[in-house]
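Labels A, B, C, D, E and F are assigned to the chains in the order they are written; within every chain, residues are numbered from 1.
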Amino acid sequence: MQDLILLIVGTALVNNVVLARFLGLCSFMGVTTKVDTAVGLGMATTFVMTVSSVLAWAVETYLLVPYGLGYLRTVTFILVIAAVVQFTESVVRKVSPSLFQTLGIYLPLITTNCAVLGIPLLNVHDKFNFIQSMLNGFGAALGFSMILAIFAGLRERLALADVPRLFMGPPIGFITASLLALAFMGFSGIHTN
Amino acid sequence: MNTAAQRSAPFAHAPTSIQNTMSTVLLALIPATLFDAWLFGWPAIVMFLTTVGSCLAAEAACLHLGKRPLQPTLFDGSAALTGWLLAMSLPPWSPWWISVIGAIFSICLAKHVFGGLGQNPFNPAMVGRIALLVSFPLQMTSFIAPRPLMSAGAPGLGESLAIIFGGHANLDGISAASALGYVKTELSRGIPVSESASHVPNLMDMAMGMHPGSFGETSALLILAGGLFLLARRVISWHIPVAVIATLFFMGSVFSAVDPGRFTSGSFQVFSGATFLGAFFIATDYVTSPVSKPGQLVFGFGVGLLTWVIRSFAGYPEGMAFAVLLMNALTPLIDHHIRPRAFGRTRKGDPLPVKGE
Amino acid sequence: MNGRTLYHALVLGAFCLGFGTLLATTDLLTADEIKLRQVEDLQASLGQVIPASIHDNNPVNDAIVMKNEEGKEITIYRATRGGRVTGVAYELLGSGYGGEIRLLLGVDGDGKILGVRATEHRETPGLGDKIDVAKTDWILRFTGLSLGAPPADKWKVKKDGGQFDQFSGATITPRGVVSAIRSGLEFFAAHKTQMLEVH
Amino acid sequence: MILAIGSLTAMGAALGTVLGVAARYFAVEGNPLEAEILGLLPGSNCAQCGFVGCAGAAAALAAGEAQVTLCPPGGKAVAEKLAKKLGVSVDLSHAEDKGPQVAFINEDSCIGCLRCIKDCSTDAIVGAPKQMHTVVSEVCHGCGKCFKVCPTEAIEMRPIATTIETWHWHKPGSTLSH
Amino acid sequence: MRIFPVRGGVHLEYRKELTSEKAIVALPLPKILLIPVQQHMGAPAITMVKVGDSVGKGQVVARGQGLVSAPVHAPTSGKVVEIEYITAPHPSGLPQITIVLEPDGLDQWAQLPDPIADPFAATPAAIRERVAASGIVGMGGATFPSAVKLGLGARNKLDTLLLNGAECEPYLTCDDRLMREHAEEVLDGARIMAHALGTAQIIVAIEGNKPEALASMTKAAAGFANISVATVPVQYPMGAERHLTLAVTGRETPARKLTADVGVVVHNVATAKAVHHAVRFGRPLVSRVVTVSGHAVAEAKNVEVPLGTKVADLLAFCGGLSSPPARVISGGPMMGQPLPSLEVPVVKGTSGILALTAWESNEAPAQPCIRCGNCVNVCPCGLVPVEMAAFVRNEKLENAAQIGLMDCVSCGGCSYICPSHIPLVHYFNYAKGRLNAMDRDRRKRDLVKTLVEARGARLEKQAQARKEAAAAAAAAAAAAQAANPDANRPNP
Amino acid sequence: MADSYSRIIKDGLWENNGVLCQMLGMCPTMAMTTSATNGLGMGLATAFVMATSNLLIAALRGYITQEVRIPVYILIIAAMVTLVDLSLNAYMHELYKVLGLFIPLIVSNCLPLGRAEVYASKEPVLPSFLDGVFMGLGFTASLTVIGACREIVGSGTLFADAHLLLGPVFSFLETRVLPADTGILVVVLPPGGFLATGLLLSLKRILDIRAGKPIRLAGAHSV
């Protein structure tokens, strides 16, 4: 139990997908101008990431390993993810048009959110079992959503600040992210204990 | 009459200004600074002046590049305060380039790219300190043992200039670990805290400042006195410092009671490292902390908790600076969600119900 | 299921068929080649810790698998000359500041170190990464040492009272490496006969 | 090899089926956005935007084929709302906003031709044939149609004057008084 | 008496000593009086006189219209010399319709309504009517027609009339002097109002920094069991009615509601005195006490001023300006309005004329906000001024409204305390004005929309009718043709 | 036509550069720019995948239906990536050892898919191919520049280990700019990735302002 909690904390904070592993940056930069949107995308990503972690685990365990098809890993994983995303897209489009409108081109981009592919691949690399894969996917997504919300909060504040024209918009976003990553370095080394 | 020149009420104003506020904070730092200058000698004084000077120069350069007037901004004391606090958080004999690089990170990258005073989401001095710590872990963890001015073996002014500007300090020979760093390193090779803690200066010495550490963090009591002065002058309110210290003390006490071999005690947590400096002078930075009192309590609690977590579990021995930056990042969300209750409204913002309706 | 849905299934299925074939073919063509490259890689790293002069076999092909105290399997590559085992090489795990450090240790029949290399690590550039031969020759200093020389209580970094230099400001990394090598040598001492025995 | 190709194909076909089904059952009819946009437009169907009335404008906006600044009667306020709804950012600081206007009929030149009355979409003009017409400024929304059709140029578009009731403080730092 | 704590607020420099010991003196009749027809909240009054008319003191010169309005009376006898647009005592400097009266110096009362002999026997409606006819509006600054407020008893269950003697604005001492010099009249007015409202209890609330007023009111109230005097803390803005109600009764008025919804009606002490005069003597509101103060005034005074007196004349009576003022304002320094010129009249809501030197107003250019949170701490309404101002500065008015902009009472506490001298209240005033304007626009747009739709429907109906008519005609023609097949056949 | 080809080239390399303008593919931009060599290697591999996948998608787009287009595009990209992965491993093993780790990550790079959606799914084969090539080269250039900046400030070297990627001929590229051990380490750590990219974006803005172009102040992808 303690291990599993540590696993979630570790992936969420210490090896945060965005700030330490550099995954999922496109949506991190693109969909964080408002807290509400960021939370929305975070929830969508959490769903997709958890589900695809589980499905990818199943594909790995029951298909790729038994039949020695390791070289098809990338292709099959990404297919699974693409399917989950497009399914989610259809559902969101139907259920909440306004969420669909704000998430716009990002729903299909969740597919290429590196984090969504990266985490299942890491699960395989770390030889995680079913529960661990699921929790790792969930923890990573949690860390992703958390960073998205924090960063959106910061950007809402920056939108009201007198940022020089030279840095307004994306540049200041990156610089802020840089300082955020600097702050998160404080968690580094937690795993060694 | 030109309406643009017109302005609306009020036509009275309290005798407050940015300059007043900042100079009060600077004043509160003087006793601890003087003590530390004595404790670590001329090289520390040279380092201190270099750091503050670099920050002022960086501020002037940024204002110039942004085509903004130097006049009110350079002299409002905020850049000097950033430099001062940065210097307080550096090892006392840091070479000049540490000061300069720190100033560039603090003033240019943490403050002016965001638009200067008041706009920065992260504490400039702490950004500087952490960028340095991460970049130069060796120099930033090489503390010297106290070497009071005029005492035997203390370097003179000329020698000090050579130490700071010529890179002639043989740090390996004189460096010592801070108490937190010592305990952490010992723990990493399996020596329990209960044992290693007996080799660090006792609490009284720590409170008085007679131990190795950053330039300004050593003398807990004088920093505390400065903090109380700020409280008395109402420059800061009690919420953040009390929340930070109480949380740190609580976490330390509880966990060291459970596992004394693994965790240091509450009073060790409070008196070692930069706890007082952080709680009274750094976490309280207006610009980067929440504006409401309840928000400040949450902020202080977060700083205390994260400091303890980082000190106890993470790779770095001291967590205050990281904790402050992490909570800085959360400040917009705290401000967003924790607001005072508006008059005539519920916490959620709906009008209060009318009785009998 | 109506026709349109079926059509989607067919399209995607057809693409999968096409590209699956492409990939399977490529795999077929490259699989042997890739296996060969991996062997070459292994050979190259073993060559660093076992001098070519002491063997006439290919150590890659003379591997035995043993279990260590914790029950983990360790592959031992053996160098033989004239049918006699002249040295062995195997992988060690040390713990550093940034996580695991993988080391490859080569030992001769007398328990003397033939060579050590850090093969994989995540230590901080400029601090802990000095264990890498690409950065400094610190790790070469172990060549020729054995459990008795220096004596057991000196198999430590200087800071802990031993004989090995630490890097200034980074004690954790060298400490991890030294203790990993020492336990590697102890493992050799404990399983010497088994390792050296010729099948 | 057969296994690899076979399993991949099977996966593809299965996913294709799932997606096909999803696309069918979750298909959305019409565009809910269009209706929302229509609600934001002034609704005076004056066609100054170049579309067939407000509904046309709304459809174009929803399809992303029109600028949010398309509607002159709506002015800056409507453009802002549209921009917010559509999640686009526009720099409105330069958007021309003449401020609200009302039509004013110059008594001396009006010949009572009735043309303006016919065109006014809010029935803001009162008058009888061959008699002087007047504009009820409370309901005139300044679309300017009457101004365009008046044969004698008797109609003037005047900015709505500020009174003590409608005056408010200017923004600090700006030199505008309104 | 138990006083309940009120959140926020500031401790100001009051500078009341400039006038607090100056007894009220009457202003000699000026040469000209400028009488705007709108001196109150609500619909402007309608002019009842023509140029050249002679009027008596207290004669109605403009009558109220609609539910919320108030008549205007001649402050003295004389001749109407002009009725025109003249600069209003309003920061916009815009003109408004003003009756210019040249006093004849006789100061002769016109025919006044009869005094109500026993007001406590009269019906509340009769008292309200008299108050309305006397043109009495709130003298505490809001200038809301008092008769309307006196009618609240019909709608709400009221138990307390709270007499507002807090006078929390710096400099102003007119209410203080009134309570010291005319305590009985004030209390009599209050009792009449309580009768009209139907409240059993009257509480007079006075800030602790006015011991003499407290003493004299306590003495005057001694004979009445239902009147009590409460000392409220010296904490700006204690005089704001919701906060005063909270402090004295512990009841918090819900947002967007009136104090009447918690059973309390608040009236200013000067209003009470005006009611006393209207009911007991039939005299309408034609003059008021004005504090003339500030260090740029030669001789600070409390003056009983005929309404319509030019500010310049009033200042001249006080010895003129001793130094060039940085600001001349009407009302107190915290909530008063800057005057566009000295040629504007004193009106019903003018409680003070202050000529302030630069050091008194202590203005400075705005610097960046350092997020010190002082404004949050002092805001009596529990708002976050720093954030609202940031939104307003970036034209995000709706966001500002979402976090409570419209709850702001413009007390000025936040601007006063801000170390960066940010004109927070000015931002809020701008935003409120702009939002109101947008609201007006929206209402107009909605109106336009319904009109357009109505017209569209009408046109369609007409078109339909025409089509039907045409169809009917065609059908008739066809029928006719069927009856007479040859009719349309081309001739062979 | 020639005009539109020069447009494609200009867009890819500068005007609509994948990193600097579209801000897609940020993950490798951050993760793979600890040195100029890494940036170059990642960029080249990506360019190859983009060129081939754009080509295939443009060629096959007639058969792809709307509902399954994303999976198909991704399938094609993933197949190309695997192809590169396997062949490099087999035939250019030294290069593979440098790039090996990050090749699978190209699949989830937003840029190839972005181009597939925006360009290859609508345009003819040849322009699509060129778009892939030049977008890829523009991407490579950005990564190399960012990598170079970070490497110089962070480790004091430039093009370290270039011979591993490009062959021993190119070892002349390897330079030491600052004395050993004087780099500012944060710059090669995660914060430095964001910082370097942010500063480079504002540098591009300075150039755009100089060139008199309108600058975009809004968020990365505001539609």
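Criterion: contacts are C-beta pairs under 8 Å (C-beta built on N, C-alpha and C of every residue); 3 or more make two chains touch, one makes a residue touch a chain.
Computed from a prediction, not measured in an experiment: that's the story for all the values here.
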{"item": "Fewest touching-chain hops separating subunit B from subunit F", "value": "1"}
{"item": "Subunit F and subunit A - chains in contact with each", "value": "B, C, D"}
{"item": "Greatest separation from subunit D - chain, by CA centre", "value": "C"}
{"item": "Of B-C and C-D, pair with higher C-beta contact tally", "value": "C-D"}
{"item": "Separation of subunit A from subunit B, taking each centre as the mean of its C-alpha atoms, in whole Å", "value": "33"}
{"item": "Geometric centre distance via CA averages, subunit E-subunit D, whole Å", "value": "38"}
{"item": "Rounded Å distance between subunit D and subunit F, as computed from the means of their C-alpha atoms", "value": "43"}
{"item": "Per-residue multi-chain contacts in subunit A, two or more chains", "value": "71-72, 75, 79, 82-83, 86, 104, 162, 167, 171-172, 175, 179, 182, 185, 189, 192"}
{"item": "Residues of subunit B touching at least two other chains", "value": "3, 7-8, 109, 115-116, 119, 131, 134, 137, 188, 315"}
{"item": "Shared interface positions of subunit F, touching two or more other chains", "value": "67-68, 71, 75, 79, 82, 86, 183, 185-186, 189, 191, 195, 218-219, 222-223"}
{"item": "Subunit B partner contacts - residues on subunit A that touch it in the complex", "value": "35, 149-150, 153-154, 156-158, 161-164, 167, 171-172, 175-176, 179-180, 182-190, 192-193"}
{"item": "Contacting residues of subunit D [partner subunit C, same complex]", "value": "1, 4-6, 8-17, 19-21, 23-24"}
{"item": "Of all residues in subunit C, those that touch subunit B in their complex", "value": "97, 124, 127, 160, 168-172, 175"}
{"item": "Touching residues on subunit A, where the partner in the complex is subunit F", "value": "19-26, 28-31, 33, 71-75, 78-79, 82-83, 85-86, 104-106, 108-109, 111-114, 116-118, 121, 165-175, 177-179, 181-182, 185"}
{"item": "Complex contact set, residues of subunit F against subunit B", "value": "183-187, 189, 191, 195"}
